[in-house]
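As C-alpha cells, here come the structures.
Shared between the two complexes below is subunit A, which pairs with subunit B and subunit C, respectively.
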Partner chain A sequence: MNFSAFEHLDTLVFYLVSLVILVCAVMMLNFRKVIYMVLAMGGVFVGCAVLFLLLGADFVGIAQVMIYAGAITILMMFAIMLTNHEAVEPEARWSLQKAFSAIGAVVLGAVLLLVIRSTHWVVGDGRHINHGYANPVAIGLDLFREYTIPFELVSLLLLVSLVGAVLIARERKED
Partner chain B sequence: MIHMPVASLLALAAVLFCIGLYGALTKRNLIMVLVSIEMMLSAVNINLVTFSRLGAAPNLTGQVFALFSITVAAAEIAVGFALVLAFFRLRKSTEVKDADSQKK
Partner chain C sequence: MPALWLWQHGPVTWPHVLVMILGAIVTLAVTLGVVTYTIYAERKVIGWMQGRIGPNRVGPFGLLQSFADIFKLLIKEDIVPEKADRSLFLLAPIIAFVPSFMTLAVIPFTMRHIFTADFGVGLLYYLALSAITIHGVMLGGWASNNKYALIGGMRSAAQMLSYEVPLGMSLVGVALMSGSLNLNHIVLAQSRTVWYVVPQIVGFCVFLVAATAELNRTPFDLPEAESELVAGYHVEYTGFRFAFFMLTEYVYVFAMGCLAATLFLGGWSGPFLPGWLWFAIKVFAFIFFQFWLRATMPRIRVDQLMSFSWKVLLPIAMLNLVGTAIVTTLW
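This part shows the complex of A and B:
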C-alpha cells in the first residue's frame, strides 16, 4: 500500500479534522431539532480549534475552545431553552427561496474553489513568526506593543455589548 | 515544519463559508440564522490563521486579527440573542417569517 500522501502525520490529521468539520456543518443543515443543530455547531467549533493548534496558533486555538465551543455554544443553549425549545424545522421542501439560496451558495463556492485552484500559493518561511518565544507570549507582546489601541477599543466594545444585551433582554415594567 | 497544503485549507474555509451562507438564508429559526452567521465568521478565522502561518510573508498579525474577530463575534452573538429574547417576549415566536413587520 502506498501512504505517500500521508507521509506526515499532520496532513492525515488535517484531512480527518476537515472531514469532521464538513460532516458537522452538513448535519447542522439537516437536523430538524434546534438543540441538535447547536450540538453539531459545537463540533464545527472544536474542529476549527484543532486546525488552529495544527497550524501552530496555540493561543487562538485555546481561545476558540473557550469562547466558541464553551461560551457561545452554552449561550445558544440558553437562548433555545429560554425561547420555545420544542421548535422543529418543518419538513425539507423545495421553495423558490431555498432554490435561489442554494444556487447562490453553490455558485459562490464554485467561483472560490476555482480561484483557489488556479492560484499558485507562495509559502513563506513561517518558522520564526514567534520570534523565539512561545506562541502566547509572542501574541501578548504583539498585542501590547503594536495593537494597544485596538485592544483597548475591543474591551470598550465588550463592555458596551454587555450593557446593551442586559438592557435589551430585561423585562420592561413601565410599558 | 507544517506540511498542510494551503489550497486545501482555503478550500475547506470556502466550503464552510458557503454552507453557513446557505443556512443563514434558508433557516426558519432566528437562533439558527445567528448560528449560521457564526459559522461564516469561523470560516474566515481559518483563512486568517492559515495566512498567518503559511502565507507569503508569515507573521503574527493574522492571529491577532483572528482574536479580535472572535471577540467581536462573541459580542455580536450576545446582543443578537438579547434581541431574539426581546422578540420572543413580544411575539411568542422565534420564526424569521414573524419578524417582517414593525406592528405590535
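This part shows the complex of A and C:
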C-alpha cells in the first residue's frame, strides 16, 4: 500500500472530515423529521470546527463548537421539542421556483470555485505565523489593538439585541 | 524521552498516530478504573456518614461490588420502547458519552504529559465539549417518548446551560492570572507562584457551586429528582445504554475534579511526592467533597435553581473577574 500521497496525515484527515461534512449536509437535506435535520447540522458544524483546527485556527475552531454545535443547535432543539412532537417536512416536489433555485445554486458554486482557483493565495512558511504568539493571544492582540472600534461596536450591537430579547420576553403587566 | 513520545508538536506521522491511540487507550483504562471505584467509594463514604455499612458482600470489604453491578448491567436485555424514536434513542447515550471522554484529552495528568495534548485553548475546549453532552441528554429524554424523561431532559439541559455561564466566568480569572488558556501553562504558572485557589478564592467558590450544578449532583440533582420524576431523562433506558449514561455522569465527576485540580490546586505540582500522586490526591479531594455534599445537603427547589445561577452566581463571578482584571493590570 502506498501512503506517500498522505505523507502529511493532515491531508488524509482533511479528506475524511470533508467526507463527513458532505454526508451530514446531504443527510440534513434528505431527512423528513426536523429534529434529525438539526442533528445532521450539528454534525456539519463539528466537522467545520475540525477543519479550522486542522488549519491551525485553534480559537476559531473551538468557538465554532461552542457557539454553533453547542449553543445554537441546543436552542433549535429546545424550540423543536417545545412545539410539535411530530414535526415532519412535506414531500419535496419540483416546481419552477425550485428549478431556478437549483440553477442559481450551481452557478454560484461555479463562480465561487472560479474565483478561488484564480486568486493567488499567499502561503506562509508556517513558522512566523501569528508573529510567534499562541493562537488566542494573537487574536486578542489583533482585536484590542488593530480592530478596537469594530470590536466595541459589535459588543454594543450584541448588548442591544440582548436588551431587546429581554424586552420581548418580559411579561406584560396589562394582560 | 524518545522522539516517538513527543507527538504534541510537529506534523502528524503514522508512529505518532499509534502513540495517540495508545494514549487514548491508557486514559480510557485509567478512567474506567477511577469511575468503578468512585461509585464504590461513594456508596461506602455515604454509608459511613449516615451510620450504615455500605456494600460489603462482593469480595473483601465489598471491593468487587461495582464490577458485579457493571456486569449485571451489561448482560441485561436492551429494551427499546415501542413508541420511542428508535434511532435517536439508540444514538443518545453515545452522543452523551463521547464528549465526556474527549474532555480528558487536554488534562495534564503528569508533569510529562505524554498521553494528553498540549492544546493552546484547552480551557475553552473543555467547556465547548461538555456542552455537546447536553444534546445527548436532551435527545435521550425526547426520544424516550415519556413525559418524565422529557421533563427530566429539559430540566437537565436548562440547568446545564445556565450554570455553564458562571462556570466559564469563574475560570476567566484563572486565565487572566496565568495569561494562557493552555492547561499545561496554567499548571506551570502555579508551580512558580502560588496555587490559584489562594488569590482566586471567590472564583473557586463560584466554580465549586457551578461545577456541582453542572454535574447534576446534590443539591442540584433536580433532573433526576426521584420523588417527582422517577429517574429523569434516562427512565426508559436499560442495560448497557443506561450504563453509558451513568458512565458519562461519573466521567464528568472525574473530569471536573481534574479541572479543579489543574486550574485552582496546582495540578501535578507539590513537594516530595511524584506529580501523578499529587494530582490523584487533589482530584480525590474534589470527588470526596461531592460525596460529602450528597450525604448532607437537601435538594433545592426548582424555582430557586435558575434565579440562583443568574442573580447570585453570575454577578459574583463578574465582580471576581473585574477585580482580578484590575489587580493584574496594576500589578
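To be clear about the criterion, the second predicted complex is superposed on the first by the 149 of 175 C-alpha atoms of A that agree within 3 Å, B and C clash if a C-alpha of one lies under 4 Å from a C-alpha of the other, contacts with A are read in each partner's own complex, and residues count from 1 in each chain.
By our rule, contacts are C-beta pairs under 8 Å (C-beta built on N, C-alpha and C of every residue); 3 or more make two chains touch, one makes a residue touch a chain.
Since the model is a prediction, treat every value here as computed from it, not as a measurement.
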Problem - Partners on subunit A (subunit B, subunit C) - clash or fit - result: fit
Practice task
Considering only the touch criterion stated at the top, classify A:Asp10 as touching first (subunit B), second (subunit C), both, or neither.
Solution key: both
Practice task
Quick one: classify A:Ser101 as touching subunit B (first), subunit C (second), both or neither.
Solution key: first
Problem - Partner chain(s) touched by A:Ala25 [first = subunit B, second = subunit C, both, neither] - result: first
Practice task
Classify the contacts of A:Gly42 with the two partner chains as first (subunit B alone), second (subunit C alone), both, or neither.
Solution key: second
Practice task
State whether A:Gly140 touches subunit B only (first), subunit C only (second), both chains, or neither.
Solution key: neither
Handout entry: Touch count on subunit A, higher of subunit B and subunit C
Key = B
Exercise for the section: For A:Ile62, decide between first (touching subunit B), second (touching subunit C), both and neither. Expected result: second
Exercise for the section: With the two complexes superposed on chain A, say which partner A:Leu51 touches: subunit B (first), subunit C (second), both, or neither. Expected result: first
Completion exercise
Closest CA approach of subunit B to subunit C after superposing, in angstrom, is 7
Problem - Set intersection of subunit A contacts, subunit C complex versus subunit B complex - result: 8, 10, 59, 63, 71, 78, 135
Handout entry: List of subunit A residues in touch with subunit C within their complex
Key = 3, 8-10, 13, 35-36, 39, 42, 46, 58-59, 62-63, 65-66, 69-71, 73-74, 77-78, 81, 134-137
Problem - Touch list for subunit C against partner subunit A, complex - result: 11-14, 17, 85, 88, 119-121, 124-125, 127-129, 131-132, 134-135, 138-139, 142, 150, 154, 157, 161, 180-182
Completion exercise
So, in the complex, the side of subunit B touching subunit A is made of residues 1-12, 14-23, 25-29, 31-32, 34-36, 38-39, 42, 45-46, 49-50, 52-61, 63-64, 66-68, 70-79, 81-86, 88-89, 92-94
Exercise for the section: Can you check the complex and tell me which residues of subunit A touch subunit B? Expected result: 7-8, 10-11, 14-15, 18, 21-22, 25-26, 28-29, 34, 37-38, 41, 44-45, 48, 51-52, 54-57, 59-60, 63-64, 67-68, 71-72, 75-76, 78-80, 82-84, 87, 89-90, 97-98, 101-102, 104-106, 108-109, 112-113, 116-117, 119, 121-127, 129-130, 135, 138-139, 142-143, 147, 150, 154, 157-158, 161-162, 164-166, 168-169, 171
